[in-house]
Amino acid sequence: MNKRLWRRGLSAFWWLTLFFLYLPLAVVVLFSFNSANSSASLAGFSLRWYQRLLGNEQILSAFANSMVLAVVSSLVALGIGCLIGYGMYRHRHRKLGWLIVLIYLPIVLPDIVFGISEMAFFVQIHEATGWLRPGLGTMIIAHVTFQIPFVALIVYSRFVGLDPTLFEAAKDLYATPFKRVQHFMLPTIKPALISAFFLSFTLSIDDFVISFFTAGPESATLPIYIWGAIKKGVSPEINAIASLMIGAVALAALLSLIFNRRRPA
Amino acid sequence: MQINKTPLVLSLAGLMLAGQVQAQDNKLYLFNWTEYMDPAIIEAFEEQHDVDVVESYFNSNPEMFAKLQAGGTSQYDIIVPSNYYIPRLIETGLVQELDKSKLDNLDNVMEQFVDPSYDPGSRYSAPYQWGVTGVIYNTETFPDAPKSWSLLFDSETNSEYPFGLIGDGQVTVGSACAYLGHGYDCASTDAWREAAQLLLDTKGRETFSGFTNGTPALQQLARGVTHASMSYNGDFLFYKEENPETFSEMAFMIPDEGAEMWIDAMMIPRDAPNPEMAHKFIDFILDAEVGAQLSNYNYYASPNKAARPHLDEVLAKPPVLPSEADLERLQFTPTLKGEQLQVFQQLWSEVKSR
Amino acid sequence: MPRISQHVMRRRAVVAETRHLLFSVGPGVIWIILFLVLPSAYLMGVAFMTNGPYGLPQMPLTLEAFERLAGFGFLGWSPGNIYTLLRSLWQTLLSTTLVVMVAYPIAYYITTCRERWRPIMLLAVVVPSWTNQVIRTFGWMNLLAPGTPLSELAEGLGLIAPNMGLYPSNFAVTLGLVYNFLPFMVLPLYAAFEKLDHAQVEAAQDLYASPLGAFRHAVFPQTLPGLLAGIVLVAIPAFGMYVIPELLGGGKGMMLGNLVATQFSGGSNWPLGAAGAILMLIATFFGLFAMRRIGKRLGGGEEVVI
């Protein structure tokens, strides 16, 4: 009796928390269809804010920047992080404490410190040499830096989970290291690579602070654009952009659910 | 002699640099305040000069200054700072001298802006628009609002309704100074101290909503986040035009204790990628008809005397053009430098962080 | 002869291994050193430089920035920065505690549900955090502004002054922090609950009459590693938070992250900002170290990952 009550309470708490988690997002989506120019009262259904979006070149280019940044940085981080992950595994019996510290550094550094030191550093280098002009390039560099550790750790833990004798077998089977990589390594760590890519991608899309401080005038991403729009006063257009992003995330969540379902854990 | 040579060398170096970069792309990077440019003007300029104008925006002078310091000097062709930031930009070498031989329309500038105190001889800047920072309040909430800063600073005049102050420290402190009777352009440490104390007390009031920049403050007023706030006369009219219903119960007021009059001017950053086009742009804005079009769009007074016949009627009366009596009470924000600036910044950060 | 060749071979093997290590780990290490360690070191250096007339760092080296950070300036000592630091600590402590209080039952509840539902439930908790934090915070701005139902309710209950909204305020900042970081606590706690030894819990239930006692002696110690990992994941980013106080605090709820950021954008005192960043780093590493120690002492041991 008492136990059932306890469970009921827990269940109620669960639904309440979900409500708390989704309420702000739901409100954004709701008001994106509001026909009135207000975020306090609903007037009627309309798609005018979405129509305005399509004509807004800045938003479209911000969207393109977000995508380029996320894809390119994730790919670069995948390459570099994958190598580290493998190296950490192969040499796990050595004393690599310094390496672990180095790799955890981007994770534990507060992102405001991260972003600002990158900005200050890039500015000085740019002043001195003309390289590293703030823009998409510097943003990609910064994003790769915080993505590397996550890729490395995912790939590393995939290797650790493998049977060590597999490596011996692969050595016997394939003559050259190149073939070994092609026919053994890559296929075995493919799931890890995929999830590492998605994690990097999500991290990049989610980041605001580091992008904000390393961006140039032409490389505003969607979050930077939205930030500027909020700062200059809220326009209902923001609801529409934000809703599109929420929609994209919901889609990604659905896909990952289906993907996970198909593949037995 | 030495001093006279430096700008020459600088502009020569600028020209050389210009020649290098210009061939690479035909773009003009404009770094401007938000909602401060008629898109039609940009289109006309793009068509006339076959150039692609890339606009980025800032919300306050400090923000713009920080961007330039952080490597922005090579990223923008035109910036539009306010008067009291102009000396700072010149002294830190963040901007380059204008080549007046390329600015045929310079004669259109009104006499009082030809040799301004912030940039003697207008060597670095060409005026863009001018306006006033006053108080905007809800007339339903405050039917008999006094023509005074007390609407913001006195807890008895406004005890119940949320209000905001402007995020730019010098303007807010100046306004507090004016309320205290030290004048808007106060620059002594003692006056500042007193003003900072007033601001701290004000911040402590339950109804204080926060520091906002001028343009967003209007959005907050519209949404009822605040009922009185500091903002600019032109932006107010701009929003009122766009959204007459919401803003019909709002009024713009210039407090009798004095307030800020500002001028925004166009300047070219030191390492601007395309200074040639930047000069063409400045000249384009200084054109009589374009200047009028800009003011008609922005609802700000024009510093362009040739534009006068083309201006809309609304621009010739308050709040765009304040009454004679009000005009006399307006002052520029003082230019600070060296230790004075540091003292000020310390006081201001104290106000913000406590 | 054979001994020598064996020796040579072993040496060759070592050289090959080392080369292998260099080629695999090298690029990443160089990247991190070049784009993280060097920039941070540069920032540390800036903290010891003089503040130029317009905020950029200059020679000579000095400790002025730290004096300013401690509140000493042209006008004598003033407590503004100390307030900011205390406010950051308090907000971090408060929001982390609240997050723990919400995440504990949630994580537990998920583990008691049917296995096929668990991934979906976890996903449901995590998905909101995939949207950008600027958007999430913007959502709360919509919800807490004056005139919205929530604000009216709070006004009706006499929690806030009339006509004021729930935002901007320190309360809004706390709420934003809790909202933002809840998933980061649920995940590690869930992992810990999943490994829970139920036999031990049942034994404890028999031993201690009250559920609280059972919780304290059987459940809590077992979930501790997850809890500590969660605290690290929540408290560090919360302490350095920039976006939420900036948008929801309205200039009243300034935290250390904002203090640092303003010095580089508008406040214009790079050395002071850099000194603030150092303070933040020290606090962060101290926190990490303390967590590790607590984890080890309480028997979490190796499982405390970070």
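For this structure, a couple of remarks:
Every chain is named by a letter (A, B and C) in the order it is written, and numbering of its residues begins at 1.
Keep in mind that, in the parts below, contacts are C-beta pairs under 8 Å (C-beta built on N, C-alpha and C of every residue); 3 or more make two chains touch, one makes a residue touch a chain.
Quantities reported herein were computed from a predicted structural model and do not represent experimental measurements.
If touching chains are joined by edges, the resulting network of the protein chains shown connects every chain directly with every other. More C-beta pairs in contact connect the chains of A-C than those of the other pair, out of B-C and A-C. Note: centroid distance chain A to chain B, computed from Cα atoms, is 38 Å. Taking each chain's centre as the mean of its C-alpha atoms, chain B lies 38 Å from chain C. The distance from the centre of chain A to the centre of chain C, each centre being the mean of the chain's C-alpha atoms, comes to 17 Å.
Looking at chain C, residues 145, 147, 264 sit in touch with two or more other chains. Residue positions 70, 223-224 of chain B are each in touch with at least two other chains. Multi-chain contact residues of chain A (touching two or more other chains): 39-40, 119-120, 122, 234. Contact residues on chain B toward chain C in their complex (touch as defined above): 60, 62-63, 65-67, 69-70, 88, 91-92, 160-162, 167, 189, 193, 203, 206-212, 223-225, 227, 337-339, 341-343, 345-354.
Here chain A touches chain B in the complex through residues 37-40, 119-120, 122-123, 126-127, 133-134, 216-218, 220, 228, 231-235, going by the rule given at the top.
Per the touch definition, chain A reaches chain C in the complex via residues 7, 10-11, 13-14, 17-18, 20-25, 27-28, 31, 39-40, 80-81, 83-84, 86-88, 90-91, 94, 99, 102-114, 116-122, 124, 141-142, 144-145, 148, 152, 202, 205-209, 213, 222-223, 226-227, 230, 234, 238-239, 242, 245-246, 249-250, 252-253, 256-257, 260.
Chain B meets chain A in the complex at residues 29, 31, 34-35, 54, 56-57, 59, 70-72, 74-76, 213, 215-216, 218-220, 223-224, 243. Those residues of chain C that touch chain B in the complex are listed here as 51, 53-56, 68, 73-75, 78-81, 83-84, 145-147, 161-165, 168, 249-252, 254, 259, 262, 264-269.
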